[in-house]
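Alright, structures below, take your time with them.
In the two complexes that follow, subunit A is the common piece, with subunit B as its partner first and subunit C second.
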Partner chain A sequence: MEPLIQLKNIRVKFPVKRGFASMIAGQEKKVVHAVNGINLEIGKSEIMALVGESGSGKTTLGKVITVLHPKDAVAGEIVFLGESLWDEKGKLKSGYHQEVCMIFQDPYQSLNPKHKIEKIVSEPLVVNKISKSKAVLRVRVIQALEDAGLVPAVDFLDRYPHELSGGQRQRVVVASALVMSPKLIVADEPVSMLDVSIRSEILKLLLKLRDEKGISCLFITHDISLAWAISDKIGVMYLGTMLEYGDTESVIQNPQNPYTRALIDIMPKMRVRKNEKRMLLKGETPNPIELPEGCVFHPRCPLAMACCKATKPPSRDVGNGHINVCHLLE
Partner chain B sequence: MEKNHFLKVFINNKMGKVGLFIFVAFILIATIGPVIVNYDPQVFGEKADVLQPPSRAHLLGTDDLGRDVLKAIIAGSRVSLIVGILATCISMVIGTSVGILSGYAGGQVDNVLMRLTDIFLVLPWLPLMLVLAALLGASIWNIIFVIGITGWAGTARIVRAQTLSEKERQYVERARSIGASDLHIIWHHIFPNVFPLIFANTILVTAVSILSETTLSFLGMGDVTRPSWGTTLHFAFESGALSNKAYWYFLPPGLCVLMLVLSFTLMGFALDEIVNPKLRER
Partner chain C sequence: MALLSVKDLVIEFRLSKRKNIRAVSGVSFTLNQGETLALVGESGSGKTTTALSLMRLLPNNGAITSGEIIYAGKDVVNAPDERLRRLRWKEIAIIFQGAMNALNPVLTIEKQIVEVIMLHEDISEIQARERAVELIKRVEIDPKRLDQYPHEFSGGMRQRVMIAMALACNPKIIIGDEPTTALDVMVQAQIFELLETLKKEMSLSMILITHDLSILGDICDKVAVMYAGQIVEYGDVQSIYCDPKHPYTEKLLSSYPVIGGKRGIPDSIPGLSPDMAEDFQGCRFEPRCHKALEICKTLPPLRTCGENHQYLCHLEGD
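Entry: the complex of A and B
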């Protein structure tokens, strides 16, 4: 089956602002390597989870898909439904913003406090000039609010964001994504700011949207157990690189990469055997301005070998599209 | 709900209440007053009326040309208010546009606009106004223009700072992710959230504008056919009212300026307390 969206060798670099002194000293312009050559495919009605710790570039990658970065920062190719996202003149495919929506992490920040819910949810329709008739807009807004689980929807139209709870706000954000009937939702840590009791509701909502409307989702999270619960596929990112990628069950049950193993080992368990060895990481993610040579993970990898420092590991299919990027299996 | 809250804090604030009261009083004088008293600065009084102290016929006495001072002040209130408010409008439009544009666009645009703002900030505004007013000639519209064009720099700075913080908000990014244009984002997301600040600033700038108008008129740059309080002060000074101890001539216009500026300043501080959470009384 043709994938919904394909990312091919995506690289994102952000220039670091130089101080006046270093400019005079003629120091080289520094660059943050946020994403380094990522290939990714999201199928139709598929939830793909991106997992990784802070600074791994997963949000940056999400914003690549929603075209939120300045154009010169992003290199690589994006193919959406078989067509390249930009034409030869570098113009964005028309209607793309209607197909792909983003849900942000903090529902307290992502709604304009000055706008009523109706205005917030209808904004994508107005911006994309779908309709000018208030009645038409209202029908679609009510439909979207109901799809997002805010019933009775009419009661919410005239409210302001500060009158709603965190869970309700996140549903409003989801509704304002749904109102365009998108094909893909990029959800950037959509539940990390919510109470645990409300999390499952939002997760269920995303699953329901996939099952009933066939909406794909790129689910960005730092919590691998959350990814396990919701996703069909998992990509494990570290320092802008994809280290392991494959079907969720395969990656969780049979992790190949030491980094994935470490992430799985820190998941809380009901019972820990006394002699069980956990792989725990030490230190912090290296500076993305100067990436480590060889495998990006080698400075923290407990199983690092000499070749990890020297050469980039190859990516290898270990079966069923489960891809691992590591020297270990050689 | 939000608007009621706004009004409530304003009324509950002592400074705001007093300021609003004085302001409303002057508005009433300026709107109704000139209709009742019918003052013409061209018509001089009898010789016996020259520089008379307050009496029943002339409640605030007469000036050196035998004209009624009270009438002059009532007529002047309209000029002072109109000049102050219109000049402020010009300042606000320039200041807000420059501030939002500069903060939102960033980069070179920001650099150029902010250096321009810096120039207007550090220019000694009084000599500049005097030169401009002298060049353009003494008319009420020129004075409005001159005051308006010299008073926007502070506003631009404040608006830029707020815009810088607004444009990084997540709802701006959300708007961008659905394909909103820059104009849409500025009009629907940035401006409404910067507006309370602009409003509070407007009132403080009005106080400065009125004071500037008085200063210019006092220095003789005013429109003599439409005398403001500053013009009255100018003539009082010229005719030696101070050395003649004709207090009824120079004291009332001075006090009026003082009261009006005070009322705007009080309202401005009160509003500042509302829109600036750091200053809000707990």
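Entry: the complex of A and C
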């Protein structure tokens, strides 16, 4: 089946602002290598999870898909439903912003406190010049609120964000994505600000949208156990590179890359294990201005060998599209 | 004898002339030397309020209205100012929530640590600086970084600095208020390992405030699950994990997906925590409880099962 969206060799670089002094001193312009050559495919009605620590480039990649970066920062090709996202003149495919929407992390900050829910949810329609008629807008807003599980929707139209609970706010954020009838939702840590007891409701909502409306989702999270619960496919990112990629079952039950193994091993397991030895990595993700030579993960990898420092690791298919980028063999 | 014991603690906040909120109602627990106790609960359950009251650090409109706090055999609730000064930081220190905001951005790390030491101890600045170097080594940061500013540190590093500051006066008890909430899982695991090592080396006791039940098994000995200002279940980690008695604990535990375990969306608890200004006539969790019975509209009894395992519920658990 034709995938919904394909990313081919995506690279994102951001220039670092230089101070006046370093400019006179003629220091070289520095660049942050946020994403370095990522290939990715999301199928129709599929939930793909991007997992990694902060600084791994997962949000940057999410914003590549929603085209929120300045154009000159991004290199590579994006194919949406079999067509390139930009035409020869470099113009974005019309209507793309209606097909792909983003949900942000913090529902306490992503809703305008001075606007009523109706205005917040209808805003994307107005901005994209879909309709001016108040009646049409209202019908679509009510539909979106209902789809997001806020029923009866009419009761919410005239309320302000501060009158809603955290879970309800996040549903409003989802509704303002749904109002565009998108094919893909990029959800950036959609539950990390919510209390545990209401997290599952939002997760269930995303699953319901996938099953009933066929909406695909790129689920960005640092919590690999959430990815295990919800996703069909997982991509494990580190320093702008995809280290492992494949079906969720396969990646979690049979992790190949040392980084994935460490991430899984370190997750709390709901049992007492104070005296167990765990695969604890030292240090933190290095600075993306100067990427390590060879495998980007080698400075922290407990299994690093000489070749890991020298050459880029090959990507190997270990079966069923489960790809591991590592020098180590089985 | 327990190092710290809290009995029937009640804390009220005055919101306006007529409105009082009872944030903590009748909390009891003990902490022994070398132990780690976790106060777990959702936001608004009173866990931070309880912890702050141990150092008498409540905001002005809050007060301990009844109950007792005994630290090393001495009363804390009515302690004179002089004793309180000693208690704060030399006996009990706290690692505040949000390492990002708890450090002063315009002072170097060294200045901030030295400031803490000199405020509490009568030593020269040179000695304080020497102690700062020792402390920063303890939390595994290169002492060369002492002249740097907070913005030059990553989140995990800043949290380490906060820990160094908490250790500055050799306290007996450290309170960690959500010490790893804003951090990555890997950094969280590193911080826990550091705390574990420090605990052994310096024979510390610890109170960990957290909303995350899944981390308890990695660091705690005892757990107090809080809901709406009460401890609804209290016991050692093993029994809380393997044999939870209170429906709230049960539900909370199943709200976490366990990696490699059964797949699917974890449980959720419908509804919201109650309004604390309410005068409770029955079980506080009753409106959200999946096992609620008619009897739950009356106040639940405190039940005991096994050694040191208590829960507040009408049901006898199963």
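The working rule: the second predicted complex is superposed on the first by the 321 of 330 C-alpha atoms of A that agree within 3 Å, B and C clash if a C-alpha of one lies under 4 Å from a C-alpha of the other, contacts with A are read in each partner's own complex, and residues count from 1 in each chain.
Everything below uses one rule, namely that a contact is a pair of C-beta atoms (placed from the backbone, for glycine too) under 8 Å apart; a residue touches a chain by one contact, two chains touch by 3 or more.
All values reported here derive from a predicted model rather than from experimental measurement.
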### Query
Taking subunit A as the common reference for superposition, should the pair subunit B and subunit C be classed as clashing or as fitting?
fit
### Query
Regarding the shared-chain residue A:185, is it in contact with subunit B (first), subunit C (second), both, or neither?
neither
### Message
I'd like to know which partner A:203 touches here: subunit B for first, subunit C for second, both or neither.
### Response
second
### Message
A:229 in the overlay: touching subunit B, subunit C, both, or neither? Say first, second, both or neither.
### Response
second
### Query
Now for A:5: first (subunit B), second (subunit C), both, or neither, which partner does it touch?
neither
### Task
Give one of first, second, both or neither to describe whether A:150 is in contact with subunit B, with subunit C, with both, or with none.
neither
### Message
Just checking: does A:104 make contact with subunit B only, subunit C only, both, or neither of them? Give me first, second, both or neither.
### Response
first
### Query
Is the number of subunit A residues in contact higher for subunit B or for subunit C?
C
### Query
Between the C-alpha centres of subunit B and subunit C, what angle is subtended at subunit A's, in steps of 10°?
80
### Query
Thinking of the overlay built on chain A, is A:124 touched by subunit B (first), by subunit C (second), by both, or by neither?
first
### Query
Between subunit B (first) and subunit C (second), which, if any, makes contact with A:66: first, second, both or neither?
first
### Task
Identify the partner contact of A:266: answer first if only subunit B is touched, second if only subunit C is, both if each is, neither if none is.
second
### Task
Between subunit B and subunit C, report the minimum C-alpha distance in the superposition, expressed in whole angstrom.
12
### Query
Where on subunit C does subunit A make contact in their complex?
42-43, 154-157, 184-187, 189-190, 193, 196, 211-219, 237-238, 241, 251-253, 255-260, 263-269, 272
#### Entry: Of subunit A, residues touching subunit C in the complex
53-54, 165, 195-201, 203-204, 207, 222-226, 228-230, 248-249, 252-253, 262-264, 266-274, 278, 280-282, 284
### Query
How about subunit A: which of its residues touch subunit B in the complex?
66-68, 96-98, 101-102, 104-106, 109-115, 123-124, 127-128, 160, 173, 176, 180
### Query
Can you list the residues on subunit B that touch subunit A in the complex?
1-2, 169-171, 173-181, 184, 188-189, 192-193
